[in-house]
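In what comes next, subunit A is part of two complexes: it sits with subunit B in the first one and with subunit C in the second one.
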Partner chain A sequence: MEDIKDLILNYVINEYLDDDDEKITYDTPLISSGYVDSFSMVSLLVFLENKFKIKIPPSKATPEAFDTVNNIVALVNQYINK
Partner chain B sequence: MSNFGLYEDRVRNFEWSVAEKELEYTDGNVLNIGWYCSDRICLKGKADKTALFYEGFGGIKKQYSFNDIRLAGNTIGNFLRNIGIKNEDRVCLFLDRIPELYFSFLGVLKIGAIVQPLFSAFGDESLFVRLENAQTKAIITQRKHLSKVRKVLERLPNLEFIVIVDHNKTKKLESRELPFSLQESKPVENFEIYPTRAESPSVLHYTSGTTGQPKGVKHVHYSIISQYLTAKWVLDLQEDDIYWCTADPGWVTGTSYGIIGPWSLGITQCVLDAGFSAQAWYKFIEDYRITMWYSAPTAIRSLMKAGEDIVSDFDLSSLRHLASVGEPLNSEAVIWSQKMFGKLFHDTFWQTETGSIMITNFPGMKVKPGSMGKSFPGITGVVLDAKKYEPITEPGQVGLIAFKPGWPAMMRSYWNNEEKYREKFINGWYLTGDRSSIDSEGYFWFVGRDDDVINTGGHLVSPFEVESALLEHPAVGESAVVAKPDEINMEVVKAFITLKPGFNPGPDLELEIMNFIRKKLSPIAMPQSIEYMEKLPKTRSGKIMRRLLHAKEWGEDIGDISTLEND
Partner chain C sequence: MSYSDKIKNLYQNQLAEIRNAGIFKEERFIHSSQAADIEVEFPSGASIKNVINMCSNNYLGLSSHPDVLKAAHEGLEKRGYGMSSVRFICGTQDIHRELENRVTEFLGTEDTILFPSCMDANAGVFEALLTSEDIMISDRLVHASIIDGMRLCSAQHDTFKHSNMEHLEEKLQLHADKRIKLVITDGVFSMDGDLAKLDEMVRLCEKYDAMILVDDSHSSGFLGRTGRGTHEHFNVIGKIDIITTTFGKALGGASGGCVSGRKEIVQICRQKARPYLFSNTISPVIISGVLKVFDILSSSTERRDKLERNANWWRKGLTEAGFILKEGDSPIVPVMLFNAKLSQDFSKDLYNEGIYAIGFFFPVVPNGQARIRTQISAGHEIHHLEKALSAFIKVGKKYEILGLTKEKIIEKYGL
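Right after this comes the complex of A and B.
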């Protein structure tokens, strides 16, 4: 579980944060804070689908489901465990 | 009762001088947007009235009076003047929607310089081409965007100053970088405002076309005449309104109607600097008792997607008038808003180049859901025959939307590109690049673009710009970019690519290319999907036939393919 969490957290930090000084945690809002906008969310979705070999239906890829790393992990787990 | 009244009454004998009189402007006098939006409102006895309610991410809340924004504009203007910024120098605002963005806008204009707002999500290459084209002298930015500026700095010899509004001393400043803190600066009470005139340049917004690099649309201070009157008559802004324009000032709506329109009228406005979520937006309306809401179809469709149940969790009864801009507003969204809020969204049509609203469904006028509405008084709007460029008089016939030049907010030129500017006019008409029909009652009905420009979520993306950036990725051999239909954003970017020898198609490479464009250009320009091709369809002369790829995406007839090259 921790591996998935850290993997996603590190990906978000490396890909979407421009400022090295900014720190985010598993619970930091990503979408509602503006770190990841709705257009960029698509690339995050592709990353998850590629990395975990899953398919997340468009109806489940909501701003709320992507709003924190913890939320994303919960979403991914629904499909990994299927 | 709306400010507008009856359409027929307003159109009859209309003169733009009605706005000049209300603003107490006479021809030849000094006209400065920065002064009109702050100092003048204070002189009218509204110094203590709230100009801005600001809410940032994490619940940061701030409130500023018209006197506060007057002083802030003076203070920033004074700082810029002291470092050597002069009238007509270009000053870029590369900021999130923080208060300093709005105050810097006023400050730059107060010293007679030209304000160049840029969307802060732009990647380094998008930033570079716009700063290079404008030969920008200073950029005002935040710590978080500094790395993008530093990446392109060496290639920008004209950029003398990088002003950082939130420098916290943990990051060492480099050459040309200057800290500026509004909180720590002594407010400048008395400030000599540069005596700009009606035709003095004011705002430089960049917009994308089918070919070539983005074009800098030059506006002048006289634009306030149109922006003031359209904000009053179309957005129906009234003395006690609490107004929310959801657009970012990196785009023209965010300046024409997110700063100039409301503040020249002395209206209180709200800014929410946070990402989108239906819950946060509804809560914002509830908390600030917003009465007038100006948003975009993409946002409205996102709210529709969030469902109807959530709406009843909030008290949205303060809403009095709703309007929309950026892309065609579908009739379903109009009907939905009536059901959810008891109010219709009123579509408005205009462009970066027009500077102010041109066609709209007016308050109090019959709204035809799905229609763009009618021309603003004083605006001669027609649809032209695509071959003869003459107005079509038969109702329902599709043609090119065009306007008779001469309204106050019309662009005065494309920056350093007179040729492109001239191409926008034919037979004495300004061509918008959009197509529509006009019905027997004078309502316009949008059909689509007349070129390959992609309108995604209300933002124009140049296929050429994305194709060029794709070619800079080491794996990409050839590229073609078209619009793909999208439920929320109307259109999104889709790329077709061929790969260079030694590269294999696959999902990981697709993601890598998507992120490459996102960082280089912007999230908006990032292809939402990429299709690998063995070869791209081309004419016999070697030109890529985007038209075929577009038709494929939209399920349309591919038309004449006689010029398609054979194997």
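Right after this comes the complex of A and C.
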């Protein structure tokens, strides 16, 4: 479980944060606080689908579902466990 | 009448939230024409104050140039006030096409189509050219009008870290299977004043078979040796597939914009771009003024040369005084203060000293990167810049930030 969390957290840090950004945690709001804009979610979606061999329907890939690492983990788990 | 109390309260609460967040925007009324010296009423009802304008996009000082005014007057007399029609019904005059040809020649492209504004150009161009089979890959700091234009388009979209070419290359590889890949960037980024790395971007686009669109609104008329824009600066004239730009900044400063680029792309825009199809184009009076602007720019590089000298003088002066600036080669010179409140207080104190410059903070710029954005003009004389620099130093001393590092300023004022 922690592995998935850290994997996603590290991806978010590498993909979206600049060097001088503050540190983020599993609960940091990503979209509502401006770290990730809605356009940039595409990369995250492609990453999750490729990494975990899952398919997330567009209706589930909402800004709310992607707003924290914890939310993303919960979303991914719904499809991994299917 | 269905403007119920419920709806009214909803909007009143939204306005209160904006006020409470300290980001309520208020206009400052200018009682003179746009220039280096302006007369300002602020706040509303206050007595008029003469100040030096350090925050306009009037980069070449042409907004109130006598020759431009004269040409606009003549245009008004000869071609009238308005067209009362969109372009393709009965809203196109000979001078509209003349301006399109002048822009094409100036930018070194194949063809040009005018839009009511560059905001409209950006709102229309993506939807006209791309479908869901295509991908738009944009720099994360592109202008709001590009973001809105991309939202109106059914193509997929992705972003790359600001000016990060490795990240752009990764994205071009990731989306290699798409029909059209369009890389999108500003030429000069308006908040930071830095330039897109157009030479490297063109190389990557050629390598991965992608097109490139550049919004050159903050560079057309002055960047590059003869002022053609960012593509001239990087020696890639003829290699930018689509340029969007404005006549509302350096090129006379009134309004209007365009899409300039590959012939077929411009032709498609003329058939499909909705802001072109469903709105009147630029009025004859403005077209006549902009044509004169191009006459002025074609006869001499004097104004862009002066702008470059002024911007260099200003950057050097602020740096030597101990301010932290954003690096760049443009006349946009952001003075970094980091703390939002400090940026507002600093701006107020500058105003009291007769200097008009605005503080920007989150969400206009990233959190913790509040700044005063100064913009230099060829309309500034050295005595304007000397007075402005003295005011900056006086206010900088008051807040004891001169010579401090970013960390020390943040330590003193917080983020």
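Note that the second predicted complex is superposed on the first by the 80 of 82 C-alpha atoms of A that agree within 3 Å, B and C clash if a C-alpha of one lies under 4 Å from a C-alpha of the other, contacts with A are read in each partner's own complex, and residues count from 1 in each chain.
Quick note on the criterion: contacts are C-beta pairs under 8 Å (C-beta built on N, C-alpha and C of every residue); 3 or more make two chains touch, one makes a residue touch a chain.
As the structure is a computational prediction, the values presented were derived from the model and not from experiment.
Participant: With both complexes overlaid on chain A, does A:Ser32 touch subunit B (first), subunit C (second), both or neither?
Facilitator: first
Participant: Looking at A:Glu64, would you say it contacts subunit B, subunit C, both, or neither? Reply first, second, both or neither.
Facilitator: Only subunit B is touched by A:Glu64; subunit C is not.
Participant: By residue count, is subunit A touched more by subunit B or by subunit C?
Facilitator: B
Participant: Residue overlap on subunit A between the subunit B contact set and the subunit C contact set?
Facilitator: 18, 22, 33-34, 37, 39-40, 42-43, 46
Participant: Quick one: which bits of subunit A touch subunit B in the complex? Just the residue numbers, please.
Facilitator: Interface residues on subunit A, with respect to subunit B: 15, 18-22, 29-40, 42-43, 46-47, 49-50, 62-64, 67.
Participant: Okay, in this complex, where on subunit A does subunit C touch?
Facilitator: 18, 22, 33-34, 37, 39-40, 42-43, 46
Participant: Where on subunit C is subunit A touching in the complex?
Facilitator: 138, 140, 147, 150, 156-159, 161-162, 171, 174, 362-363, 366-368
Participant: Which subunit B residues qualify as touching subunit A in the complex?
Facilitator: Interface residues on the subunit B side: 57-58, 96, 121, 143-148, 168, 170-171, 273-277, 280, 302, 306, 456-457, 488, 507-508, 510-511, 514-515, 518, 523-524, 526, 528.
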